[in-house]
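Report on the following structure.
The first chain written gets the first letter, and so on, giving A, B, C, D and E; residue counts start at 1 in each chain.
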Amino acid sequence: MPPPPPVPLVAYLTLSAILFVLGVAGFLIRKNLITMFMSIELMLNAVNLSFVSFSYHLKQTDGHLFTFFVMVVAAAEAAVGLAIILTVFKNRATLMVDEVDSLKL
Amino acid sequence: MNLLDLVIFLPAVAFLLLLLIPAASSRQAALALSIVIFLASLGLIGPVTANPAAYSFENNIPWIETPNIRYHTGIDGLSLWLIILSTLLTPLCVLISWNYISHRVKEFYAFLLLLEFGVVGVFAALDLFLFYVFWEVTLVPMYFLIGIWGHDRRIYATVKFFLYTMAGSVLMLAAILYLYTQGGTFDYTVLTKLLQEGRINLSHNAEIYLFLAFFIAFAIKVPLWPLHTWLPDAHVEAPTAGSVMLASVMLKMGCYGIVRFCLPMFPGAARELAPWIAGFALVGISVGALVAMVQPNMKKLVAYSSVSHLGFVVLGTFAFNQQGLDGAVYQMLNHGVSTGALFMLVGFLYERQHSLEIKAYGGVATVAPKLAVIFMITTLASIGLPLLNNFVGEFLVLQGAAIANFRWAVFAALGVIFSACYMLWMYQRTFLGKTPHDVEHHVTDINTRELVAVAPLVILMVWMGTAAGGFLNPISAANAKILEQSKARVEMRAANAR
Amino acid sequence: MDPILFAIFAGIAVVCGIVMVTQRHPIASALSLIGVMGSLAVLYLLLGAEFIAAAQVIVYAGAIMVLFLFVIMLLNAGAEPKPLRSSYLAGFLGVPMVLALMGLLGYLVKRSFPLDVTVRFGDFTGGSAKAVGDALFRKYLLPFEVTSVLVLIAILGAVVLARKEMD
Amino acid sequence: MDFLLLSLIKTGLVAFVFLTALAYLQWIERKVIAHVQVRVGPNRVGPHGLLQPLTDTIKLLTKEDLIPAHVNKFFYLLAPVIGVAMALISISVIPFGPKITVPFTSIETYLGLTDLNIGVLVPLACSGIGVYAVALAGWSSNNKYALLGGLRASAQMVSYELPLAVAIAAPLLMHNSLSMREIVESQNVVKWGFLYNWSIFSYFGIPFVAFIIFLICAFAETNRIPFDLPEAENELVAGFHTEYSSMKFAAFFMAEYANMTTICCLAVILFLGGWLPPTPGLDWVPGAVFFASGVLMLYHGTVNLARARDRISLPLFGVIFCGIGVLHWIPVLMPITTPLFWFLSKTLFLLFLYIWVRATLPRFRYDQLMHFAWGWMFPVSIGTLFATGLLVAVWK
Amino acid sequence: MHSLHSSQSLWLIPVLPLLGFLINGLLGKRLGKGAVSLVAVGTVAASFAWVLKCISALMPLEHSHIETYGTWIASGALNIPVELAIDRLTAVMLLVVTGIGSLIHIYATGYMSHEEGYERFFAYLNLFMFFMLTLVLANNYLLLFVGWEGVGLCSYLLIGFYYLKLSATNAGNKAFIVNRIGDFGFSLAMFLIFVHFGSLSFPAVFEKAKALSPESGFGWLTAICLLLLVGATGKSAQVPLYVWLPDAMEGPTPVSALIHAATMVTAGVYMVARSAALFVNAPIAMEVVAYVGLITAVLAATIGITQFDIKKVFAYSTVSQLGYMFLALGCGAFSAGIFHVVTHAFFKALLFLGAGSVIHALEGEQDIRHMGGLRSKIPVTFLTLACAWVAIAGVPPFSGFHSKDEILLAAHHHHPWMYWVGVITAGMTAFYVSRCMFMTFFGEYRGHHHPHESPWVMTGPLAVLAVLSLAGGYTHIPQFLEPVFPLKGGEHDSTLVAISVAAGLAGIALAWFLYVLSPETPKSIASALGGLYRAVYNKYYVDEVYYGTIVHPLVDGSKSILWKGLDAGIVDGAVNGAGTLARMIGGITRRFQTGNIRSYAAWVVLGSLLVLAAMTAMGGSSL
């Protein structure tokens, strides 16, 4: 059995682009704050994939580090962001972003 | 780490300490800390006066690698007294706020010390970026000092103060960055050298614009007429200590900046624009004094008098001679001492009667003789009576102006007449005459704490008025260098032009 | 092996991504996102990023998404209601915009790399925990410390916000 | 031999042994608790109830697969799958022994399915994903007890995962690797002439603190008593798996025991020297233990018979055990059997500890539980990590 | 000009009173009246003694004796040492200031004995002595200016001594501010001096000035001199800045005697005389000085005739006499001017102190219409006042005759018409002083107090001053001052002397006729003159004109135009306008900020799309 042709780097990057655009689309389409938040995470993941691919391509570890930092920051962001979402929900009893359009109650 | 760094960073440390300790003891702690800082700063005097034209306590280490920002500090005769004045006034401000500030006490003193940190840094910074950082640092505590502990219209006043100053400092930042693109460094000493040796070759217009960018930032802070309208509002709304720090120290930052940066770096533009600037200064002197004459509010009156007095500083600076510049710098200190004292005294009155309107007073001398005497001395200092501090400065400024252009001296001297009018009228209406019942009921004589707070300034008024040499000689030496630098540059450009 | 694994997990990732975006229920979205993350972890392994792959699973899937799930459950968030009227913005601007973005990104990626730049499993060994750790604690020490401070702040922020929420 | 084939064989072997062991773990648990409580325990099916696990399995497999009407079907079904999958995946990175040559062949292989250089992270990752099983089960059941149980479980697992991970970091620091095999190899040093350098024996016993933390967190991580709040019967019926029955319930059940086992293996590898014996020169011990127990059974089955029905089983087992003991003494097999013996015995001891604790300790209150995690475990684990790091830095 | 003599510690002369000021000012309240008076009088007397000692030690004092005590201000070429100098001019002034000062201090201990703020009064008075002595001793313009401003300050403080009275504090402010206007001129003159001479030191400046030839037109030297004159008119109450002096009578009477008659107001004369070297080379300025003096003399004399307040009469008299001195200076007779300073100090101090004694006797009554017939009731006061009367009226051989005579001769020498105007003024002077004397001491007593003679501490100084007033003409001041001001070779014309004496006697006679013989006549004359009389009585409405043309426009203009209009309206309006503009722009752009996150996101996506498109189009981003 001949080995199948190797995967081009472009494939990884295209996958990354697709996921990113999906994230963007999710952010635009969804109305639920949490889902929108998750869309952001999806975008971050897509970017991470790019980082790792480039890291592979350039044979440098640095891309991994960036990914790592993105993860840590995403964790921090999730902690604060979700706390904010909790507070928002507490105050307005809704998660629909269209109803949360003013800073004052 | 030398003594200067200690003096710069002790306030910052004190600021953090104050945030940590309980509010109940923050007054005592702030007082103790600020006195320690003051005592430490006294150690600066010896080495600097020994060699006032060069920078003492110089410290030059990289702060940020790219862009090349350095922690470059150092003081010469020009900045020495301004730093001492700042460190002296801080404990005094702590004292005068002892009972005046009753809510958020801890934060108040913390901000006061943060302000001291910024101010001392401004006077010590020799790196333009560092200077800018400190310059902005001062803005924050003052914003809160006025915004939190001010009077009724404090929000309007703070916003106005903040926006005005920001507008100027942004211009300055742009100019600093432009200089960086030209010289590859933010270091003031290096930049000056490069400019002098013509290694940074600014076109005529570029120099004018750069000068204006710096100058407008400083002129707003001075404040030079017609950029002064934030000052009366800020003063009227600020708490006493805020007013004192604002008038005595923060305004000096502008004047200092002009002398330190505008003159040596852009001497050509400075000379070219000097007639205009002197014109504004003269208008400021007269208009400030005349407007002060008709103010019904004491603090506003003193604020406008500041506009007038600081006009002298600018005028002296742009006379481009030794006397004018010496007088200008000396006048900065004088204004710090005497106007600071005036604000303190007005604050004392306010604490008693809870009004800043002159109308609300009268005959205070009868019920508060000591206060009246001190107020009188301060008034006299403010109107430039010989043997008190302001006279020396005013005399030198006017002399310098007369050498530069006799007409300037004529108009400026008119301001001296008006200053007597408004100060004496205020004194008369406040302290003299029969004592109304409510004044008699509310106003008591100055107490020991207040006396301790204001006495150093009164002593300084007499000291600086009589033994001017000790203060003036270091300034004079530093100024001589600045003048020489700027003169050399102008001559070189002229030679190049030929 | 590589192309097959890639095809499988890329497929999973895309499908999960689409599901995540299209599902109305947040739990479904969250689960799909976990699917994306899991398959990405495998792709990371293929790219020689072992440590990142593990971290992806532990941190993203194991911690962050749990938090999401937890919040969704706590708030008992239901499915999004169907929009009463469809947004013009979404219709006339959103869809073309997203498509254009996709097209542009794809084009740029294509233009930047020729197809013969390929990925072979095992060609790159710089993704081990040791290599990453070395870089993290030598070259990227300062960012690491800064990030740790950031995380500390985030924790404090979350605690403060949550406390406010309690009273 | 082909790598793939070898892997398949090993996987099959491990899966069989592991799943069986899981089933019998349940039996052991019931038996031990029974004896602790001075009961007899299961003893109807087979001798000493040895066939009880088999019957239980058959019963669960054949039971009607009931899906309540009000559940969210997809997630309801997905949850146990995730749970059991994650529980089983972890075992793949656990090494049971050193590199061996398969007897009578020239095939060299490791005892253990695979070795990753991030091996330690895999069980962590799996337990992280395992949370979803609990959470989803609780949520998709659409039952308030289930939801509460799921929430409790996920919060608890997330909370205890933190000190657990930090506690793991201590031995990782000491051994400077994430690969389990390397960790065990690095413990393969004889100290003071008589002691293998197990992690818990080094650095003034500070790793022992980490070990204790690890154990406690492991209890919480697997929702075992005294941390079994998510399934506290008197509060929440059966917690997140209230609505589950038949095979789906069995899956959760299996996941729990698989997790227990894995985590015990992990503890053994990280802290207790893996397959290493306590001191050198104990190679005769495994055989002796088995042989002695075989002899003891024979004695009880023949000479000193306690119960009539043991007449057949005890001698039978006695013979088998003696046989196993003899196997351990066969030199060709010794490189395989001895490490396996030490590894399994240590693991079994820890599992026994689990059961012992379950039989002894009462349950926490939920707020105490969380406070214990964040207020005690977390700081102590961080402190331990610091201390270890400091010591490592000073020593190396 | 190196001194041949060793240091005389000249600094003690001003510092002794300063010591008194410090002791009384800081500790006065605790000391008690006795100690306060002891300190106050003692320090001034000690200063007087020290002056005598110095002068006797330095005689014949042909050259100026200079002592330097370090540098006060140094800035580039500008170097202001603390330098005191004494020459014959200074010596005369010192003797007058400390001598009369001592007498008045003694007098004041009696006069002020029942007043509130006793220690404050003496502290101020001592401070005044300090500044006055500094002024006289200064060896450069700036130090002179220190004294100049200082005496102005003390004058302000002492005029406003009764600070509960609005009129007193107003008068104080007026004095200070009007003086400030004068100082404005003086300081500008100083600046010009430095610009052109490069120094402010008297010897250096005069040395260079002497080398100059007289200016033919209006040059910078003339400008300097005129500016100095502006200063002098302020301090010495000359036209047009004399308006503060009559109001200054709100102060206690010893103050009027010391400051506003004998010493401070003559500072202008001293300063002009001191700057003689400059003035002689600026003929136009000299001319102006003479005119100013003459106009002041006449104007003040006419006003003096109509006043009824005894102190106001003497105040206008002072203004008028100061005018005489300026006339002398303007005519180049500097020594005559100084001579008149001395004699005027004697008799005017005496007049004021006598008036004070009268007021003291009448418990504060100052209106001469409510006096009369006091001759017998307070005889010592009357007798001593009479000495001053004959002295000021120019009756030979008393002091006023001698000095006035010198001045008139010089005026005749300069411009004969000036002499005639001077003579008329002399007549008027004799008239109004006599009027005052007659209304006070002759006729019937018209008041309702019970006059009583003053204590000896008050009458004693009166007696000493009386002797001086009578004999002061024989001090030969002009001859004494010859090393400083060379005597002018004007021949002594006895006709001119006779005319002036006759004028004086005529004035006395007219007053005797009008106020003793037919007391009803003045009223009819006044009503006959009508508007002119009212104008003179109201001081030619000068105050009103000043207020109307300068003060009110300035204040109102400041308020309505500069403050409300320029400052609050235009400048601040521009600032607030900028704010409003920003707000408006914000109001428009705010519409993009719907608060809906998804719309923001759409904008972000659109933006990044554009950036990407641009990148693509520019062919960048290849890795």
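Methods note: a contact is a pair of C-beta atoms (placed from the backbone, for glycine too) under 8 Å apart; a residue touches a chain by one contact, two chains touch by 3 or more.
Because the structure is predicted, anything quoted here is derived from the model rather than measured.
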Treat touching chains as neighbours: how many steps, at the fewest, connect chain C to chain D? 1
Most centrally placed chain - per-chain CA mean versus overall CA mean: B
Using C-alpha centres only, name the chain that sits farthest from chain D. E
Report which of A-E and A-C is connected by more C-beta pairs in contact. A-C
Would you mind pulling out the distance in Å between where the CA atoms of chain A average out and where those of chain C do? 4
Averaging C-alpha coordinates per chain, one finds the centres of chain A and chain D separated by a number of Å equal to 36
Geometric centre distance via CA averages, chain D-chain B, whole Å: 75
Which chain D residues touch at least two other chains? none
Residues of chain E engaged with two or more neighbouring chains: 598, 602, 605, 623
Mind giving me all the chain pairs that touch? A-C, A-E, B-E, C-D, C-E
Spell out the part of chain C that touches chain D in their complex, as residue ranges. 27, 31, 34, 38, 50-51, 53-55, 57-58, 61-63, 65-67, 69-70, 73-74, 128-130
In the complex, chain B residues that touch chain E: 160, 163-164, 225-226, 228-230, 287, 290-291, 293-295, 321-323, 326-327, 363, 365-366, 380, 385-387, 391-392, 395-396, 398-399, 402-403, 406, 409-410, 413-414, 416-417, 420-421, 424-425, 428, 431-434, 466, 468-469, 472-473, 476, 480
Show which residues of chain A lie in contact with chain C when the two form their complex. 4-15, 17-26, 28-32, 34-35, 37-39, 41-42, 45, 48-49, 52-53, 55-57, 59-62, 64-65, 67-69, 71-80, 82-87, 89-90, 95-96
The chain C residues in contact with chain A across the complex are 2-4, 6, 10, 13-14, 17-18, 20-21, 26, 29-30, 33, 36-37, 40, 43-44, 46-49, 51-52, 55-56, 59-60, 63-65, 67-68, 71-72, 74-75, 77, 80-81, 83, 90, 94, 98, 101-102, 105-106, 109-110, 112-113, 115-120, 123-124, 126-127, 131-132, 134-136, 139-140, 143, 147, 150-151, 153-155, 157-158, 161-162, 164-165
Residue positions on chain E within touch of chain B in the complex are 70-78, 142, 145-146, 149-150, 153, 156, 160, 163-164, 166, 169-170, 172-173, 176-177, 180-181, 183-184, 187-188, 190-192, 194-195, 554-555, 557-559, 562-563, 566-568, 571-572, 575, 579
